[in-house]
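Data block below; observations after.
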Amino acid sequence: MRGTTGENAHMLSERLKSLGIALPALAGPFGAYVPARRAGDLVYVSGQLPVKDGRLIAAGPVPSQCALEQAQLAARQCAINALAAAASVEGGVDRITGVLRVGVFVCCDPGFAEQPKVANGASELFLEIFGDPGRHVRAAVGVAALPLGATVELEAVFTCRS
Amino acid sequence: MRGTTGENAHMLSERLKSLGIALPALAGPFGAYVPARRAGDLVYVSGQLPVKDGRLIAAGPVPSQCALEQAQLAARQCAINALAAAASVEGGVDRITGVLRVGVFVCCDPGFAEQPKVANGASELFLEIFGDPGRHVRAAVGVAALPLGATVELEAVFTCRS
Amino acid sequence: MRGTTGENAHMLSERLKSLGIALPALAGPFGAYVPARRAGDLVYVSGQLPVKDGRLIAAGPVPSQCALEQAQLAARQCAINALAAAASVEGGVDRITGVLRVGVFVCCDPGFAEQPKVANGASELFLEIFGDPGRHVRAAVGVAALPLGATVELEAVFTCRS
């Protein structure tokens, strides 16, 4: 897990390229809420679903309707979508410097206890992308139901340049 | 959806009047937690329930015990209560300038996927009241149970004057 | 409920001693996420479980598998662990000045409505420790499942010295 630090810190777009990660364009227009909003040096991002190329990649509760591995991929996709949302209000991903907080809601059956493993799909990606500044605080909980029937919803607060 | 901008931005109390919205007085005294607390230029508000005139206006899970339309009204009421809470620590609603983040917890049956429609009851009201500065980030999730058996709980972070 | 105010405000370690509360050492090393992270004058803390001396002190949903009283003790333990996490990134608990926000997730059966009573186990402890600066905003909700099968998960944002 190498970090992007010092003089390379502003080359996040290069880092994403080297990891083979393309940020999706945001769908729109949006309604009464927005994908991301800045406050001071933080960028708050709305709850993201595991949508890729317009399609939900994980639906239903873990583990009865969605396997743990698929839920981890879903969390990773939510993280990519969250970064895209943050970049959209800041005029480019190179202005995003790190991750402060991640909240992960996992749709699961009662008795499921592996929410942290699901959330690691997002946390490990942020660490891979940002290095040390990607280390965030996190809350991961299991819930009964999520929008669109998605398996994972992720919200995040990023740090950004002044 | 007209906005309150520029020189009118500080006339939020007038705007509320023109919309026919009266902010409730807060019940009290409070215990170990408080309805709202300021940090920098933000006002954090505690989770609000859909209480109006001392009575819960929506109880039980959507859709088996509470219809979608009633849950939307509940979210709207939570938003009004949240604004009242924010105003209470700032010495009046005219010091509140916008909405940064809204978290909406919807008590629902497994398989319910319309949490965003419920949350719109709150988001659209904030947009109507504040205009553009009311556009916020949002997370909406479905949960098993809420305090008092309520259908909706809403927490919020507002922006305020320095 | 006496408060620590004014000149005593920096003696939080003394206050903890007089209350008979010992902060646990943090387990480690940590993975892609961290127990706490500072942003400005705030310290964000990851979701804490009711672990004491390496053991979960409350498991399963309230009330079918865990009594209300035990869930309250669990919330209290989460609060202690959260304070320990905040102290760990600030170089000591005396640099923590208050509590801004607490989020409490209670694993419960459908129909359970006493999440606030559970959360009071944490809120009252914070008030006892910090006095007035410990008064925080709070959201308490009921969820289907939590990591390790825990009954309570608590996240928090503390205020700290500049």
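Chains: A, B and C, in written order; residue numbering restarts at 1 for each.
The rule is simple: contacts are C-beta pairs under 8 Å (C-beta built on N, C-alpha and C of every residue); 3 or more make two chains touch, one makes a residue touch a chain.
Values in this document were obtained by computation on a predicted structure and should not be read as measured data.
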Quick check for you: after a Cα superposition of chain B on chain C, what is the rotation angle, between 0 and 180°, in steps of 5? 120
Look at both sides of the chain A and chain B contact and report whether the same residue positions are involved, with over half shared, or different ones. different
Mind checking the centre-to-centre distance between chain A and chain B? Centres are C-alpha means, answer in whole Å. 25
Spell out, as numbers or ranges, the residues of chain A touching 2 or more other chains. 40, 143-144
Report the residues of chain A in contact with chain C in the complex, numbered from low to high. 40-42, 100-102, 108-116, 119-120, 123-124, 126-127, 134-144, 159
How about chain C: which of its residues touch chain A in the complex? 31-37, 39-40, 44-47, 61, 103, 105, 143-149, 153, 155
